[in-house]
Amino acid sequence: MELTLTTEEVASIVEPVARRGSTGGVVKGIASLDQAQPGDLSFLGNPKYKTQVPESRASILLLPEDYAGEPRSGQLHLVVRSPSAALAKVCARLEQRLWPRPEPGIHPSAVVSPEAQIAPSASVGPLCVVESGARIGERVQLQAQVFVGRAARIGDDCWLMAGVTVAAECTLGRRVRLHPGVVVGADGFGYQFVSGRHEKVPQVGTVILEDDVEVGANSTLDRARFSRTVVGEGTKIDNLVQVAHNVTIGKHCILCAQVGVSGSSVLEDYVILGGQVGVSGHIRIGKGAQAGGQTGIESHIPAGARVQGTLALPYMLERRIQVLRKRLPELFKRVDALEKTSATGDSGQDPASHE
Amino acid sequence: MELTLTTEEVASIVEPVARRGSTGGVVKGIASLDQAQPGDLSFLGNPKYKTQVPESRASILLLPEDYAGEPRSGQLHLVVRSPSAALAKVCARLEQRLWPRPEPGIHPSAVVSPEAQIAPSASVGPLCVVESGARIGERVQLQAQVFVGRAARIGDDCWLMAGVTVAAECTLGRRVRLHPGVVVGADGFGYQFVSGRHEKVPQVGTVILEDDVEVGANSTLDRARFSRTVVGEGTKIDNLVQVAHNVTIGKHCILCAQVGVSGSSVLEDYVILGGQVGVSGHIRIGKGAQAGGQTGIESHIPAGARVQGTLALPYMLERRIQVLRKRLPELFKRVDALEKTSATGDSGQDPASHE
Amino acid sequence: MELTLTTEEVASIVEPVARRGSTGGVVKGIASLDQAQPGDLSFLGNPKYKTQVPESRASILLLPEDYAGEPRSGQLHLVVRSPSAALAKVCARLEQRLWPRPEPGIHPSAVVSPEAQIAPSASVGPLCVVESGARIGERVQLQAQVFVGRAARIGDDCWLMAGVTVAAECTLGRRVRLHPGVVVGADGFGYQFVSGRHEKVPQVGTVILEDDVEVGANSTLDRARFSRTVVGEGTKIDNLVQVAHNVTIGKHCILCAQVGVSGSSVLEDYVILGGQVGVSGHIRIGKGAQAGGQTGIESHIPAGARVQGTLALPYMLERRIQVLRKRLPELFKRVDALEKTSATGDSGQDPASHE
């Protein structure tokens, strides 16, 4: 089976106001105007790319009403009110095909404790493990090889992809989506240094992911020392992100790939952290604050601030310093010259660079 | 089943010297004084939070002998010698409940080679794979979906969580704890550039994790090109850390989340690396040296040094430079002004900023 | 079973031109001259280590024809044309032993859709899942606990280690090697901010890994929004690397551990990125460009450039700035002194530091 749509299926999805030309094939992909190949669907979402339309090799093009060109041979133009909105409808249809809903029920190869509660509409895929006391809500999908530990709770409509681990006692709200390899509830990283050795501090808290949280592949969210590590409603976390024990992340935040948030730090609502940002422990980042990629944050950031750099500075200051930093070699030379002038008392000389 | 302790269970664990008030419920969690909800246990570990005690909503409070306040209605005060030590005892008890010891034996869904040696007291959980020649020591727990490759050795009392991979020929000492998704023994990253292509250099060494090593979720420790990648006794590694081939890490080190150590580098004993630190290849970091978060280390670090920054500098120097860096715009203006003065020979003028 | 070679097996592999001494044991490992223990094989690959040969405790030493020393008792010297080439032959043999080819066929514990196509010479290991429409090529090895999603294609001679996930519709070329925990085809990270919430943008494209790509443990390569995320032929990716949606990586590139490449960026052929490098979205990095460890790239890099730092600068400039950066405290003092001189009009005074 391939990801295909016939011409008529596309037309029925986008409901064109006009059609020009025709194409015989099926749509196998979607691509930008310049990268599309025969078999692809493309679209003119931004008028500035209008000149790319005549050269596009796409089999079907979604075009706005004011586009007047003629299709190539074997090409179909579908004229629609909004090409972008029409494309979004096609993508939504493709998404349903990409992820057909599995049948409810427990795959015979899964290992499910008789003391787990599985909603009748849930699907527990092949080779999953669900331990005692776990509760799996309505319409939940555990794709395959998922581990749900003792007394963990998976809310309605959650979707856990292959190889996800949700350890004992952790809780997911509704519609939480975890991509492959996510680990929820590994121990927080806590030790006491005693007699030359690091002795483990027990990590007996839990992790709570609220409704509509999504977490990318192989990210890790650690169990609190005690109490709870919390990710707020609607927050989206990319791949390979580390959320340490006792962290509290607010609602509707964005954490890009490879971000690390150290223990007990607090992100208020609507915080955005770029890729590879590092946040020290016990920091508070105010509502709506944003940090650019690779920023290192080790002190409180006020609400609404935009920061950059290691250590984090206000964005415009960091940008300015990045420019001046490049001019450091020049600055050293200028100070050398000034010192020569000053030493001789002769402001008129032409200072030879001695660097 | 929930993580619960009755009032009397708490009392029997902490052995209070006095009790005040009473509470009917069970303890469902532990929280700080200001975050505790009814049903939580809290404690006054540091006298500076004493004023938070009267407002705390915790059902049970562990308090020192010199605390004189009265409990709220439905609240129990347990007076103990050391609230922190008492809390630690409660956490240790909760840890036992969080991770009840599984029954010894091999789960029927596990795929275990008849040529593997499994100690009778070991527990091989559901859907694990143990290949031929592997040896699993006494009281080892393979939680679920663990992979132990050919001729790998897992020492007594190791604990491998869901989805851990220990590849062929690798060796774990005693009491090693690997969190979900850890990969021990993937190939080192080595290629020769020949005729415009990267040709693989075979990676035929092993990985040795000595006694009492702990490794966090989704961290990776690569197989040596030949010989051994070694992590020394008692070293603790956080989540998403990369340890490359032929690295030697000493005893009792700490590697925080997302650290990367490149090939053949050596960390002597008691080294501490903060989150997201990067270490170049073939570097030696001396005993007890420490690097702050996001530090980039590309040359040898002497024993006991404390470094920071990219590239790593002595900590105090880097701190000073961080301050001066912020003042670069001002410095450029000052040099502009000096040059104007110098050019006119007039030291009395008020230099107009021309930036 | 252990990783062992008898003396005669080593001799038959390296075909020595002469032998001196003898040793009774078997080779259990390979090590450098100074680290070798009895039972190890070592070699003199670089003449500068010649003085280490007499002290080496290795049981077998591969030595060049111009090395004249005598072996220790119980030690065997094998004289060969090229010790390095001889060692490579031994490693290749060890690699075959380390990874014996599994029997073709489907392990009875694997869950394979009847609508999947599995080549007869392929090996589907224990507890793997292969969904409907997936195609598994000739001589493919799925080690164990691998997930291959609906309609994914795995080309001939691919090797997928324990716990790898290849999600629906993704495509691997021939001889692709994926180390444990790799995730191919998780959703790209795309949201629209609507009415205070992040609404998911469907990610319906695929991932294509071309021939001879190798990907390290726990790395993640995301599905395109639409169209394709592509990794070109012969490119090698280390552990814990993030490749975002719609990224295009050329042929024969090297991405070291913990690199992150943001959405829609393009790496042309032969690009090399050091460990922990971050690349912003929609960037083009020209053919053969190289970036040192931890570099932050947020604008286009020309072909052949060598860059370093955050933000990326030409390598030599960044090196120079790294030196000058250390001298910032000194520079501030010098400007202070110049200002004092300028203010007094007295160039002869000895300015007291007032910092």
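Just so it is clear, A, B and C label the chains in written order, and each chain counts residues from 1 on its own.
Here is the rule we go by: a contact is a pair of C-beta atoms (placed from the backbone, for glycine too) under 8 Å apart; a residue touches a chain by one contact, two chains touch by 3 or more.
Fair warning: this is a prediction, and the values are worked out from it, not measured in the lab.
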item	value
Equivalent-chain rotation between subunit B and subunit A, CA atoms, steps of 5 degrees	120
Interface residue overlap between copies subunit A and subunit C, same or different (over half shared)	different
Computed distance of Cα centres, subunit C from subunit A, in Å	24
Of all residues in subunit B, the ones touching two or more other chains	109, 127, 145, 163, 181, 218, 240, 258, 276, 294, 310, 325, 331, 335, 338, 342
Interfacial residue positions of subunit A with respect to subunit C in the complex	1-3, 29-32, 35, 40, 87-88, 91-92, 94-95, 98-100, 107, 109, 125-127, 143-145, 161-163, 179-181, 212, 214, 216-218, 234, 236, 238-240, 252, 254, 256-258, 275-276, 293-294, 309-310, 322, 325-326, 328-329, 331-332, 335, 338-339, 342-345
Sites on subunit B touched by subunit C in the complex	109, 111, 115, 127, 129, 132-133, 145, 147, 149-151, 163, 165, 167-169, 181, 183, 186-187, 189, 191, 196-198, 200-206, 218, 220, 222, 225-228, 240, 242, 244, 258, 260, 262, 276, 278, 280, 294, 296, 298, 310-311, 313, 317, 320-321, 324-325, 327, 331, 334-335, 338, 341-342, 347-348
